[in-house]
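The following pair of complexes shares a single chain, subunit A, combined with subunit B in the former and subunit C in the latter.
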Partner chain A sequence: MIEWIQRRRGLIAGIVAAILFAIWASSQYEPRVLASILLSGLTLGALYFLVTSGLSLIFGLMDVLNFAHGTIFMIGAYIGFTLYANPRLLLNMLPFVLAFVAGWLLARWLPFSSLPTGHRRPLWVVAVLVGVFAVWGFELAPLATTALSSGGRVPTEQAQAPIGIFIARTVGLAIAGLIAGAAFIIGNEHTRQPAPRDLVLSSGLLALAIIIAPLRLNAEGWILALDSNARFLLALVAGASGGAALGGLMEWSLIRPLYSRPIYQVLVTLGLVFVGTELVKGIWGPGGYFMELPAWFSRRGPSCPSPNLIAWLQDNCASIDVLGRPFPSYRIFIIALGIAMFIGIAVLLRYTRLGMIIRAGVQDSEMVQALGINVRRVFTLVFALGAGLAALGGVAAAPFLGISPGLGQEFQLQAFIAVVIGGMGSFTGAAIGALLVGLARAFGDQIVLTGIQLPWMSEAMTFSPSIARASTVLIMALVLLLRPAGLFGKKE
Partner chain B sequence: MRDRFTSSQWAGLALIGGLIIFPFVISLLTGQPVESGVPKFWQGMLIQVFILAVFAMSYDILMGYTGILSFGHALFFGTGAYTIGILLKHAGWDIGSALLSVIVIAIMQSLIVGLLSLRVSGVYFAMVTLAFAQMFFLLAEATDFRQWTGAEDGLQSIPVPAWMSPTTERLRFYYVTLGFATIMYLLARQVVNSPTGRVMMAIRDNEMRASVLGYNTLTFKLIAITVSGVMAALAGAFNALWNLNANPAVLGVGTTINALLMTIIGGVGSLIGPMLGAGVIQLLGYWLNVFFGPSWPLLFGIVYILIVLFLPYGIVGTWRLRSASWLAMWRERSRSLIRFFNHP
Partner chain C sequence: MSDVLLEVDTIHTFIGQFHILEGVSLKVRTGSITALLGRNGAGKTTTLRSIMGLNPPRSGSIRLAGEPINGRPAYNIAQLGVGYVPEHRAVFRDLTVEENLRLAERKRGDLARRSDFIMSLFPDLKRFYRHPGGKLSGGQQQMLAIARALVADNRLLLIDEPSEGLAPIIVEQIVSALRQMSAETTILLVEQNFAMAAQLADEYYILDDGRSVQHGRMADLVHDHATIDKYLGAG
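Right after this comes the complex of A and B.
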């Protein structure tokens, strides 16, 4: 019994602290205020969870601390918002990406691998030159900003290149992809035999790119003609898949060559924060945007706020009545999204083959490799999964927090704190840490609003939002003092 | 006591001598007086290089010599800047005692932060130090302390004593910062070459082994953090004196990344590397800004990633690795050239 208590000292202390805090909070605030603070905390916690889960999985599996996770969160928000408000930029870029990938795949089918190794470096240079030449003068910024700042509905012909030049650029990028793919194959022993499916896939993608090119003017109108709910769902999917693609690409191109130099992996991700933020500023401008709520969460009227969740399904009010106080229904959606993702990942980790490999890899990835499983591919997959989750969180956060290039930084910091509190590499720890930090932030915001009055104080003490944000660092310091490995982390 | 200088010491002396006469050389070349125009501008550039060089060097004592990756180095730099700003502006102290208290505060701060964050190691340490730096960044921005820190506007117009004002007495300020950088370099070299410095390097190479040999590694890591923190704080203080202000950005992530960039580009694990890196970054940033305008940070980031991927040892490290073969190659080429002229 005593040994049992000793082993779970931290857990017991945590529960006692939580109970004491709950007693204090319920004496301080009336139940309805407390309920909305708790719900706000859950909202933030759900968003933090989407960032921390990926961060923690990536660290647990491959020991890479991804400093660019917040940047991917931010880029996800921008991609989703662009699709939601005006997809012109994305539609103009899609053929280019497709064409490049098509060229790359085609190179695997053609017999390039027999070329001498000396051709490798010149081919890379040629590929970069052709690629740069193909997109030279193609300005992304006007496509993004003019479309967005004028409310989305501007004539589509403006600010878009003529179709001939556009197709030429697309073909140019396909050629650049072909050369780059060839350069990649040369001297790479791990490349598999050329398969016919590469040809099928690549010609399919190229055809898709060529089809989209003339249709992109109309497609913009079609997407904008959809109702806001459908566009919102599309934005979630596009943001998440865009983030996942970026994450996978990042692991494959920049992280993978550096597994022998772990510190340099961290340094590269730090450089990506720089590059990502500047790219976003260059394309979308340094200012912020505001994303409107879809129709499901924005109705106002005499029957609002909805008395409960069931009624909200009928009337789609902007807020729901919680113990007599209206609470935004969109935030309930974020909480639901967070819970759904938690369950989804938990199921993935526990009941699927991939999850089994991931859990085994967290224990000992070399052993998994030795058992004949391609761990590198699992690494890329998990990186993509984590990045996709973060990007999904970014899209979900956009209507709630607004979009700006600095969005990622703040989340990154709080997510780091949450991960340190929860314990690196532990999925449960990531969830609990995110929840704790979210709740701390919500209570901090409330205290900023009304001030705090501790039993020995004669009048309430007030402070600014910055201090509330800084206070989570203190929680982290406390946890570190008591349990350096975090609440759920393994002792080293 | 050695009576003969080695060649690298001669090179160092020549460099310092060159920097001492540099303002007058520029003045001669441009025909403008030393106290204004182009010479004054280039003095300003070099002053920033000197200050950043000390900051980068302090970072390398942690990263390159002790093997501790910190992402919160801006914490010390920024606190130094704010300390001297507040003491000069609000407390009306003289510059000497203000600098002295910068040192005292830096020692206390590095001990506290070090003791807390050294409970974890590796990337955890990086994250925890980042969090501490961010906490101070947020506190500097907090409106609660506006009367002291100026909140998000920062501390403006710090009263720098007239005899070393960076605007009117720039040449003197130039020599003060040059002297500061030189002294800091000599001190850092002393630390690195001392037995303590050897233990730091042992910790970098194999911490387990160092502790098994009987060294209390925590103490030595704390020493490293403290030395590094004091140097960074002094650099921050001089930065505040030079800019005549201290704003929250000096505590931000950007400042730490700057130190990291200078260290990586110059070469990890040497003292002269980060100083060189500071010069490269300052001048490169200036030229990129002139040629590419506002998009230069993007190019900068790309250059940084390429350096991390393909030139991981930085300028000094790559030179040390390759200089012998390069020299041999050029010697061979010049020999064949001579042979060609002798027997065409």
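Right after this comes the complex of A and C.
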């Protein structure tokens, strides 16, 4: 019995602390205030969870501390927002990306691998030159800002290159991709046989790029004509897939060569924070944007706030009545999104082969490899998955936090704290840590707002706004004192 | 049955800056059990890891059925039909016995096809099929680690110290399982327990200080006390 208590002293201390805190909180606040603090905490917790889950999976499987995770969160917000409010920018960039990837895949199908290794470097140089030539003079910034800064519709032709030049650029990038792909496969001939699949995929992507090129002028109108809910869902999907693609690319190009040099990996991800932030400033400008709520969460009127969730399904009010206080319905959506992702990842980890490989790889990725599983590919996949989740969080956060180049940094720091609290590498830990940090922030904010009334004092104790941020660090320090590996951590 | 399945030719392997293998050569005949002997630190485990592609050799060549495999990634070598049972029974602790085995499938249905054979070798695994690998005893974990290498069609098994730290009665079970397995596959076995290796192996190679120094038929080594004392004796 005593041994049992000793072994679980962290858990017991945690439960006792939670109960004491609950008693204190319920004496301090009326139920309706308490409910809205809890819901605010859950909202933040859900957003943190979308960041911490990926961070923790990536660390658990690959031992990579990804400092750029918050940056991907921020970029996800920008991508989603751009699709929502100004698809012109994305539509003008997408054909280029597709064409480049198509060229790259085509190179894998053609018999380039037999070229002498000496051709490698010159080919890279040619690929870069062709690529630069193809996009030379292409102006991104006007595409990004026109529709937004003018506050309404901008003539469709404005800032968009004529079709002939645009197609020429697209083809140029396909050729650049082809040459780069050829340079890449020279010298690793035994890793892969030319697969017909590559040819199919490649021509498909190229065809898509060519189709989008003339359509981009009209597609913008079609997307903007969709109702805001559909655009919002599209934005979530686009942000998440854009983030996933960026994450996969990042692992494959920058992280993978550095698995034997972990310090360099940390430095690379740290450097990407600055690169990503400056790139975003370069394209979208240094200022912030505000993303409008979709219709589902923005109706105001005599019947609002919705008396309950069921009623909200019909009246789509901007807020829902919780014990007599209105609470924004969009935040309920974020909570639901967080829960859905938690369940989704839990199912993935528990019941699929990929999940099995991840769980095994967290313990011993070398042995997984020795069973004939290409662990590197799983690494890329998990990196993409984690980045996609963070980017999804970014899009979800955009309507209520606003979008700015600094959006990721605050989340990065809090997410690290949450992951450390929960235990590096543990999925449950990431969820619990995110929840704790979210709740701590919400209670912190409330305490800043109203102070704390203690029975033996005549007036309320007041706190500086820093207390909300400090509270999460305090929790981390306490948890680490009791359990140095975090609540659910196995790795040190 | 005298053709060579695995041929290792003067491989040099470095771990960090340390030159661990300084010219190891060996041949494993199809269908045989070949024992890799030598003192602690002689380079036995590194030899297996080099073959598996986990510590690729810097020079020398490794051929599986005549095809060079050095320089390939480990998963690729595994897919060519090489099974690896590492020392310290690296079973996946958080995965159930079933999941540990299922992870080793390379084609759908591998486990279903091989399940009866595996369970007849190690009945304990059937009893604990849905328990996490980490909850098994040391002997059961060793059995699971060996069973995992039997799920896919492997031509060659690299088995590292299967008897380490196990009670004699468990060692006997494992010896009998290895003997049954050798009827259909080729085994390269690293073993400190000379009595066990002598019972099982047809041929032996002795490593000393990262070099292969002697090889021959196991039946001859058993009587060669001078060699045993020189290379395998304590101290």
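Assume the second predicted complex is superposed on the first by the 476 of 492 C-alpha atoms of A that agree within 3 Å, B and C clash if a C-alpha of one lies under 4 Å from a C-alpha of the other, contacts with A are read in each partner's own complex, and residues count from 1 in each chain.
The criterion applied here is as follows: a residue touches a chain if its C-beta (ideal position, glycine included) is under 8 Å from a C-beta of that chain, and two chains touch if they have at least 3 such contacts.
Source: prediction; values computed, not measured.
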First, second, both or neither for A:372, with subunit B first and subunit C second: second
Which superposed partner A:264 touches (first subunit B, second subunit C, both, neither): first
Partner chain in contact with A:65 - subunit B first, subunit C second, else both or neither: first
Which of subunit B and subunit C A:363 touches, first, second, both or neither: second
Subunit B versus subunit C as contact partner of A:463, first or second or both or neither: first
Partner chain(s) touched by A:120 [first = subunit B, second = subunit C, both, neither]: neither
First (subunit B), second (subunit C), both or neither touched by A:32: neither
Residue contacts on subunit A - larger count, subunit B or subunit C: B
Of all residues in subunit B, those that touch subunit A in their complex: 69, 71, 116-117, 119-120, 123-124, 126-128, 130-132, 134-135, 138-139, 141-144, 253, 257, 260, 264, 295, 297-298, 300-302, 304-305, 308-309, 312
Footprint of subunit C on subunit A - complex, ascending: 190-191, 353, 356-357, 359-360, 362-364, 366-376
Contact footprint of subunit A on subunit C as seen in their complex: 52, 54, 72-76, 78-79, 84, 86, 90, 92-95, 99-100, 102-104, 106, 148, 152
Touching residues on subunit A, where the partner in the complex is subunit B: 59, 63, 65, 254, 257-258, 261, 263-264, 266-268, 270-272, 274-275, 278-279, 282, 409, 413, 416-417, 419-420, 424, 463-464, 466-467, 469-470, 473-474, 476-477, 480-481, 484-485
